[in-house]
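Paired with subunit B in one complex and with subunit C in the other, subunit A is shared by the two complexes that follow.
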Partner chain A sequence: MFEVEVSRIDPFRSLVKALSVIVEEGTFTMNEAQLKLLAMDPSHVAMVDFELPGGFFDSYRCEGEPKLSINIKEFLRFLDRVDRDEQVRIVLNTEKARLVIHCKRGGHSRRFEMPILEPLDEEVPQPKIFFKAKARVTTDALRMAIRDASLVSEHVRVEVEGDLFKVNAEGDMGSSFSEWTRDSDDLLELKVDEDSSATFTLSYLSDIASAAGANSEVATLELSTDMPIKMEFEIPQGRLVYYLAPCIGV
Partner chain B sequence: MGVKLGDLVEARKIAIDDLAGRAVAFDGNNILYQFLSIIRGRSGEPLRDQHGRVTSHLSGLIYRNSNLMEAGVKIVYVFDGRPHRFKRTVIKQRQETRKRAVKRYEKAVKEGDAEKARRYGQQAVLATTDIIEDAKTLLTHMGIPWVQAPGEGEAQTAYMAAKGDVWGAASQDFDSLLYGAPRHIRNLSITGRRKLPRKNVYIKIEPELLELDKIMRDLEISRDQLIDIGILVGTDYNPKGIRGVGPKTALKLVKEHGTLEGVIPHIKDAEFPHPVEEIRELFKNPRTTDDYSLEWSKPDTAAIIGFLCGEHSFSQSRVMNAVEKMNRGYARTSQKTTLDRFFG
Partner chain C sequence: MGKRITTRFKPKNVWVRDMVEGDPFVASSLDVTKGMLKLQAPKQSLCSVCKGGKMLCGKTSCPIMARLGAFSKMFQGVKGTNIDGSSPPSVFVGRFGYPYVQIGPLTPTFYGNTQILDSPEQWFGKSIDEIIGYRSQLIRGMTPVNVRKPWKAGRLLDKTRELSLAEHYVETEMKLTRRPTKRFYMNGDIQPIGPTAPMEDVDIGYIRWNRHMEKCHYDSDLKAAPATVKLFEEGLPVSSIMKAFSMGSFGVEKNRRLVPTRWSITAVDDLLGKHLTSKIKGYPLVNQYEVYESNYIGNRFEILLVPDAWAYEAYEAWYPRTLWNPSEEEVAIVTDWEPYKGRSTYASMGGCYYAGKLAVLEHLERERRQAKVFIFREAYPDYILPVGVWQVRENCRNAMRQPSMVFDTFQSAINNIMGRLSIPLEKWMESGPLLRHTVTQRKLTDFFH
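Let's look at the complex of A and B:
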């Protein structure tokens, strides 16, 4: 059995949104302490590694280690219908193969039911990468640089060079450059074993940065030249990490 | 209309995600017809813009394709060219059915009978030149390549699939299998829900895949024999087929006697409007073209908004939402490197 309650939907909804930008259908695995999701986007360009401890919820009850496969975007559509001041209880009904979302305010209750899916048996591995550079930055600064880049290109180059962290884009319409030195209040940490840079599809990065950034003030980016980027968004409880494959030859 | 093989062939349910990164050629006229007949208001009338022009097809093209594009499907549209002269009977039949339906539809609308209006409205559908030209314009703005077939669109999609330029051919009809498409996909152009005819009931529609090799293996027949079965049941070139011969009987007869020519002496009323070897030849060697290039370009937001919202009264926020999906899809399909190569 699996059942959680939240009195404020916003933080949870915002996390689900952060998953939905990558994952279409995903399988959560739950145990008595936490729920987890490790999943790739349909074209295997991005991956999310998500953990949320039971303590995040007002109440968390889980027996055994159930799996919950759902269409995350559909789930979000239901959560979007929940009002801020409604009490929410989410229950997995394994027998009916339904996920049930109960909303309650005073004497008024609503209920949504959505089908759960057959879990896919594919084990999602984690990329094995030895990162050569690391930058811990505010998500505001990161989002701003990404928005700048989207003015001019579909791709963005993330780079650590010496004492500089850079996010650049060049396109037919012009170019955009953002640079942070160690003096910047937005660059909280910079570690460089080797200068590193890689180019990414902007729409992925922008989806991730805005949806995950809504949950998080600070992100740690890890990088190696022409390798996937690892982005860990610091959230109050749990873990929200993304991997994004580079574009090579753009 | 096309060949009715539904009873013989077993389709495999697939998810749209299974097509991520794959090119699929749509039988454009067939899809437009689907959109025009399915996308309708509650009382059965097609969607229209402020000038009264039909926009059901544009609605289908933008919203349905944007979902497919977002999932990473690389869409190609193929439009019919000149129909073969053998198709005249079928075309005439359709025109007459349509004329009758138009009258009944108008009557039903006058009488306020929504169910009848819907039914006849669907039959009254006509893909006019304007509708097809609008569709081509919108596809171009969306960055979707389209191909003008010299003859049958399905023959061209099958040719492109057999050549390997696209992964599969998509249509509601089965004809592309007879034309030799290795993979045929149904239910891709319509949304997850579909109204049952004459009932106010909706059923869930999932895309399904038919593989030519598997069909031939399962039925233990050759492609020539599959074509012969089609001809016995009825094709666009001989719409009546043979009276009383359905797919199962046709399969049995063809397997028993080897070829259509072998079957004919054993059936009553074996009449065909054209020589059977010529009909067969139209499936084996249809008119196709190599004059196409499959290049997917970035959706042109301004042009899409101008065309749909400016000229055809679409809601800007809904269209923008679709454009964002297309852009995400375009970025996905244009990115070659995936995470898989970085796994352990």
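Let's look at the complex of A and C:
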């Protein structure tokens, strides 16, 4: 049994959207306190680790530890139909294998039902990496740097060197460089055990930065040379972390 | 004392006389008197210097001579303005002047089982001369139609549409308004097609529709895309679906319209490709790196399946002095790709992209597997004239029918492929984003255990 209620759909929809850039079909696990999703994209290049406590919702009721597998894109299409001032109640109906979305405004109520999928038996590996460098930046600054990079290349290099945090890209059409020193208002924190740098595919990074950035003001990036990057987006409640595998030999 | 000159005139059809000197068969069958055969060559074309003998264009045999032979043979059967014979069945919808296009049936001048004349599925393995022969034998009647108001063409349209739904060859009689023009373009780059003339009337003999197509045709609430998919799953050849599709036989009643043949081929390839893509995304990955190959009429295809989520990239390399690459020295590589989510714009390389994709997807669907797919194509100078997109589809299908070569690593698989291709790996990598991405991108599973 799983049932949540939310009076403003926007923050929730925006979080689901942030998941949808990585996950096509995902399995949520719920318990009495929170709902969780740990999933990779189809080609196993990116991963999202998502937790949302029950307190995010106006009411949260969950018995046992049910699992919910859905097509996230489809779920988002239903959520897009919900109006801003509607009261929403989402219920998992395990008998009919349906996820039911009730919307209510005054005397008018609507109901959407979408099928739930067989839980995927794919095992998602637990990320275990020791990072050598850490930078806490505003998501706006990060998004701008990524947009700059997309002018010239398909790849972007993220680098922490001494007191500098850099996002660079080089391509046939030219190059783009962004650098932040510790004085910058956008760079809130910089911790360096060892100079580190890694290259990532821009399309993944820009999808993540724009979808997750809509939920969050500040992101913490952790990296090691030629290792996956960890990007933790600070959201008011819960946890939104992405991992992205690097490109080597670009 | 010099000879007295009575008349002076310019010789007509010098062209042909020069060209066919060495070929008594063609020479004897051509009527080269004035007004009977028109020949047109582009200005400053190499052909006027070469005359089919010196191979100046770099191809291994002369495409014009190949077409000319078939052309003259076909005209022996044309007498007057009534054309009768067994249509394979075959129909054509032109694309010039869209939405006002020329449509009509195609028929040869003889009876019997002519099915092979318009069944690309059966053409694989035939020589290029045979294929030119098939295509050139069909005479096309035509009548102008507005694609959105096809009923205005009345009887002519109804009969043509009936032909497109037939499941066997059909006796067809066309009454043309004039004799088909014996115009022959001296241009090596155009597809071999038979002659054309405006059509006054058409009659067809006994006809039996394919029952699956009939069902979709009369279902005026079934959209065209699901109808296409349904017919494909019933096992109809793609070429038959295309014919019916081009005649606007499917779709919601008020939206039905004619689709130029050339567009309908790619439309059907793409529709089926999208359908199969969504299916194979649910299947497990291939176990290893698989390589398939096929080589036919100057086109070599190397197909690589990578155990990874679905994505697709196609390459075409045109050798210098081949069809779409008139350059003297440089090889031209054309490429396009799509990520897991698919693409929303038309692939720049055209119909070949979709035809190749369909062939590989059919294989993945049969095997219930998912893979990241690369198609490498090299076109050599012995691909003397374009035969149509079917060549790509059938060539790839043939590749997928062969036993696969299996490799454990990407490097060994790609090395195997490059051993047979003459363009080095760096050149392919330069032009293809997905190949570059595959080589450099690591996976999270490499780091987390």
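Just so we're on the same page, the second predicted complex is superposed on the first by the 250 of 250 C-alpha atoms of A that agree within 3 Å, B and C clash if a C-alpha of one lies under 4 Å from a C-alpha of the other, contacts with A are read in each partner's own complex, and residues count from 1 in each chain.
The rule we apply is simple: a residue touches a chain if its C-beta (ideal position, glycine included) is under 8 Å from a C-beta of that chain, and two chains touch if they have at least 3 such contacts.
Fair warning: this is a prediction, and the values are worked out from it, not measured in the lab.
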item	value
Fit-or-clash call for subunit B and subunit C when the two complexes are aligned on subunit A	clash
Which superposed partner A:55 touches (first subunit B, second subunit C, both, neither)	neither
First (subunit B), second (subunit C), both or neither touched by A:174	neither
Touched partner set for A:202, first subunit B, second subunit C, both or neither	first
Which superposed partner A:228 touches (first subunit B, second subunit C, both, neither)	both
Offending stretch of subunit C which, after superposing on A, collides with subunit B (from 115-123, 133-141, 187-195 or 421-429)	115-123
Common ground on subunit A, meaning residues reached by subunit C in one complex and by subunit B in the other	24, 40-47, 125-129, 154, 201, 203, 227-228, 243, 245-249
Residue ranges of subunit A in contact with subunit B within the complex	24-25, 40-47, 125-129, 154, 201-204, 207, 227-228, 243, 245-249
Residue numbers on subunit C that touch subunit A, as the complex places them	281, 308-311, 339-340, 372, 433, 436-437, 439-449
Of all residues in subunit A, those that touch subunit C in their complex	24, 40-47, 125-129, 154-155, 199, 201, 203, 227-228, 243-250
Subunit B to subunit A touching residues, read off their complex	15, 17, 20-21, 71-72, 298, 327-328, 330-340, 342-344
